[in-house]
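Quick one: this structure, given as structure tokens, is what I'll be asking you about.
Chain nomenclature is as follows: A, B, C and D, assigned in order of appearance, with residue numbering initiated at 1 for each chain independently.
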Amino acid sequence: MATMVAEPPRVESRVNYLNASYGVKSWLLTTDHKRIALLYLVSITFFFLIGGIAATIIRLHLISPTGALVEPATYNKLFSVHGIIMIFFFLIPSIPAVLGNFLVPMMIGARDLAFPRINLLSWYIYVVGGLFTLYAILAGGVDTGWTFYTPYSSTYSNTHVLATGIGVFISGFSSILTGLNFIVTIHKMRAPGLTWFRLPLFIWAHYATSVIQILGTPVVAITIVLIALERVLHVGVFDPKLGGDPLLFQHLFWFYSHPAVYIMVLPSMGVVSELITCFSRKRIFGYEFVAFSSVAIAVLGFLVWAHHMFVAGISIYAGLVFSILSYLVAIPSAIKVFNWMATIYKGSISYDAPMLYALGFIGLFTMGGLTGLFLANLGVDVHIHDTYFVVAHFHYIMVGGALMGYLGGLHFWWPKISGRLYPDKWARFAALVIFLGFNLTFFPQFILGYLGMPRRYAVYPPEFQVLNVMSSAGASVLAVGYAIPLIYFIWSMRYGPIAGPNPWKAKGLEWSTSSPPPTDNFEQTPVVTEEAYAYGD
Amino acid sequence: MNQWLNDSISSPWREKLATPEFTHSHQFDDNAQQFEAASLGMWVFLLTEIMFFGGLFCGYAVYRSQYLPSFEAGSRLLNVGFGAANTAVLLASSLTMALAVRAAQTRKGNALMIFVLLTMLLGIAFLGIKFFFEWIPDWRDGVVPGLHWVPTAEVVQHVAGRAGAVLPRVELFFCFYFFMTGMHALHMVVGLGIMTYLLLKARTGALTSGHFAPVEISGLYWHFVDIVWIFLFPLLYLIGGRY
Amino acid sequence: MSEGTVPVRIYLTIFACLLALTALTTGVAFIDMGPLNTVAALTIAVGKMLLVILFFMHLRHSPRLTKVAVLAGFFWLVLLIGLTLADPLTRHWTPGPSPWDGTTTQPQP
Amino acid sequence: MVNEGFSSITQSLNGPIAQFLKDMEPAGFPLFPEQASTIAGGVDRLFFFLVLVAGFFSALIFILIFIFAVKYRRRSDDEKPKPIAGSHRLEIAWSVIPLLITFVMFGWGATLYVRNSRPPVNAVEVFVVGKQWMWKLQHSEGQREIDELHVPLGRPVKLTMTSEDVIHDFFIPAFRVKKDVVPGRYSTIWFQATKEGRYHLFCAQYCGAQHSAMTGWVYVMKPADYEKWLSGGGGESMESSGEKLFSRFGCVNCHHADGSGRGPSLVGVFGKPVQLESGETVTADEAYVRESILAPNAKIVKGYPAIMPTFQGQVSEEQLLQLIAYVKSLRTAERITK
């Protein structure tokens, strides 16, 4: 790196979206989808840091069975903040609002999203929602967990549930508007010749994600409104004393929050399809199957929510129905993994950093998905429900899956976004550190879970200590792994070598324009004449 | 599938939309594309709205199925006359809204303004009836959960007279009654705001120069709010058994 | 939208139908038909909704995509309400003992 | 039938695997939970089956990635691998085979779930009330405990649980049983302990500040020791506490044994169908008795006026359980005094 610092590379003089105009106003009032993507990038990185700090304190605290750092009440606020921030303010907007915002119009050959001003509005809504949540944290925190289970959240908690609820409610509309924009854009603004079955799989994945965003999010929004009304007015929608049913809350909550997992992981799958094809120089194996499996996951994902409630007291009949439906959603995920494997088979595989993340995604997502089969199982779930087994499982999906995909995508398109290259050696090193740190953090938690350690415990029996210490050690490795890309991305913005329009020799419309792209993306509207991923030609 | 999903605006309309008075935004290729995008966008937004109200309808369905007698007792405390009258008022406003859209399509500026104004007046009439003839008497009867739940002797007697009805669960009915009608009224207020915008815009003639998309999609929203009421009316007022 | 604007006559006819259906649903509520009251009220409401969607909202003349979107919306609404109700409506149901259940448990009285 | 076959195959494996895992554990560092109930073995068998399947597919994917990564690494920059469009046969294979495997998982799990959700009729009954942040338990013989549960070895035990405030969850890892304890209703679990000893009891549903302190111990004792322990506490049985409450709250004034009172007789009612004024029939279970005390007008017995006042706010969760125990005990008329 030292040799590169010596002389900042020559800046390309051509006008692009980054240097088209200057000043704070030109950013805060922009309607350019690429600039809005960068606004999102900065804000979600900020929230990732907050969520990450909370996670760090949690893991440090759990080194000792009696709790090393904080009071149990504080611990509860920490895991609540970690969950709320990471899910609603980092993972859900991560790929759609950053990479999706940047790439959806470019990949379909459009000049912008269908509604650029609504796009900017969605960022402001996100920021306002984030500010409410930050206020709640600074004013003393919230301790309901990200699940807001009633009647604890509606009646018993004396923390800032209302401000947090408003924050989550508001940010939900940001997600809805992004999804709405994508759906209309993908339907109405594709370049000439770009038929549905020529679309990159990234677009299919974002289409499926958008469907979940627009149909799921409003349900959690109204549910949060009901909690707020119950807290303020003391009416008893979820209060058993008035005949209310706490389980109704769980139904409404998980109707969104289970599909929300697919909002996080589907775009990641889209990214992986792009990376796998580019770095093995092969067209995707079974295009239609990968494309439709995204849609299938989006639809089936809505039918499985009550597997979060097998021990909550739902009827046996409902348990049976939701268990078998949960198994169905495993199939499209399996189809994707097998198709990716078939794609790299007999490919020409290169190991640039994005590909390492993609391969890491496949491995970790496979493990996350397969452990999901345990939780969908009525017989075994009774034992492992609400234990660390669940914690490990969903971190394999959300961090091992969604976050790996996000980082892979960021590394892949960073040259397009910034016009610069980052140091590849460091990037590969960081990918390795993250993979190892991740497994060290979360694999022991599977064992802890089957042993019976419940989640959300600030103190725990001493025989669980060894595994907890292993997990905490892994978390510190993981933290280092995340810090490295942050440093070299910032470094590369000024000192990175000029990338050129297509450093990976990738296919796809976004690589046919210059890096960074001009404000209108293309000099002239592209015309598509070939299938996606035509690497063989 | 491409063919099947891609049927779009037919050519007579495409020509009408290609008017020189209106220039589409830079991201679109022509006026027709912009119109289609705006219309699809509103429909997708309405799907979101369906699910938003859907959460309330779902809660209502769950509790109604569990506490049928109490929900019927609560329903019979509502005034079916005002409910029906308000339904008629809202349907009339939908008619004037549809005529407003037609006026914009046929480029009749004055008719557009008159119909938008009529729509607003009918909307205000709906809210007035709701507020003065229903919510205020509800308050007097003490059947506003959370704010003023002190049911009068008649209410208590009415509930006690219905086999299986229990006061706390009638309160649950009124929770849903106020949440659902309140959320509906909130949407009406937003709708009135949109109508005001249309009225101001219509004065400049911008809506009758061929680019009638704003009127069309505002109309979609207004009709949707109407449809919500079409379901609220029987669910809240009627199926308690009036016989 | 293929035929251009919809004639005023059609709007007025639809409005008249809607008012008639409102009167009908209100009237029916005063006749005791048992559970059929609910069925009747909801059927009429669906009818009114269809009139508004098809004519006032021009769905009849809209692109196929819009029709698919509307259907999807109602499909999801049915999923939400139907699958949620699958729980509370069946809480009293206990599966009977089955022949392969072994001998560790006895049937409930 | 299929499941029986699976069970017998895995039964022979389950013991040795669990034993092997136990043997491997370093001191004070368990890797596998104790198996101390009749349910545990079945759950672990299924768990091992799932581990086997998940392990196989994880290994398959990891090994394939590794092999492909080495074998098909890019050797020169102008390599052009031959494109492969796909194969319907393969797609069908890797959709249908996993689907069939998941059906087996579902069937096996569902059988266990249904079986474990039906308590045996001759079970020892214990009543549990959860509150922030303690477990209050009472045996039907009257013995009370807090955050501790004593149970006899080799006899089925049924817990009837409710909560005073938020949702809690009664979790005994060594028994592989867990159930949310929800305010406003009764949930039940049952188990039959197979090994003497002391086992963890956790609250597994987040319930507020001291959630992680809402823990306790389950003691499994020889039946004789258990009987001795039961009689040691003195106190009166839940039935007789309930009987006293029955007269203290004045229930006895209307609910005469012979049916001559203003309210229906409660003799022999429990567990039987009850005809309601609305024409419906309900089974008089715990939930029904509870609702009849707290919201008496919700379900009116056919032929009786709706005159009973509500006892909401006057009767505690524990007292409710005692009243239920009393109503349950009223099999014949001579139990009601007066």
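As a working rule, a contact is a pair of C-beta atoms (placed from the backbone, for glycine too) under 8 Å apart; a residue touches a chain by one contact, two chains touch by 3 or more.
Here the structure is a predicted model, which is why all the values come from computation and not from measurement.
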Averaging each chain's Cα atoms, the one nearest the global Cα mean turns out to be A
Tally the contacting C-beta pairs at the A-D interface and at the B-D interface, and name the larger one. A-D
Could you state the distance in Å from the CA-based centre of chain A to that of chain B? 35
Chain B to chain D, mean C-alpha position gap in Å, rounds to 46
Name the residues of chain B that each touch 2 or more other chains. 5, 36, 40, 44, 47, 51, 54-55, 58, 62, 66-67, 70, 166, 168-169
So chain A residues touching two or more other chains come to 187, 215, 219, 241, 243, 245, 247-248, 251-252, 316
Among the residues of chain C, which ones contact at least 2 other chains? 65, 72-73, 76, 80, 84, 88-89, 92, 94-95
Quick one: which bits of chain D touch chain B in the complex? Just the residue numbers, please. 276-278, 295, 297-300, 306, 312
Help me check something: in the complex, which residues belonging to chain D touch chain A? 28-33, 42-43, 46-47, 50, 53-54, 57-58, 61-62, 64-65, 68-69, 72-75, 79-87, 90-91, 94-95, 98-99, 102-103, 105-106, 108-114, 116-117, 132, 165-167, 169, 171, 173-174, 176-180, 182-185, 187, 200, 202-213, 215, 295, 312
In their shared complex, at which residues does chain A touch chain C? 187, 215, 219, 245, 247-248, 251-252, 255, 302-303, 305-306, 309, 314-318, 321-322
Which stretch or stretches of chain B touch chain C in the complex? 4-5, 7-10, 12-13, 16, 36, 39-40, 43-44, 46-47, 50-51, 54-55, 57-58, 61-62, 65-66, 80, 84, 87-88, 91-92, 94-95, 97-99, 102, 105-106, 216, 219-220, 223-224, 226-227, 230-231, 233-235, 237-239, 241-243
Would you pull the chain A residues touching chain D in the complex into a rising list? 72-73, 75-76, 143, 145, 147, 149, 151-152, 155-157, 240-241, 243, 245-247, 280-283, 285-289, 310-313, 316, 319-320, 323-324, 327-328, 330-331, 334-335, 337-339, 341-342, 344-351, 359, 362-363, 366-367, 370-371, 373-374, 376-383, 385-387, 447, 450-452, 454-463, 466-467, 534-536
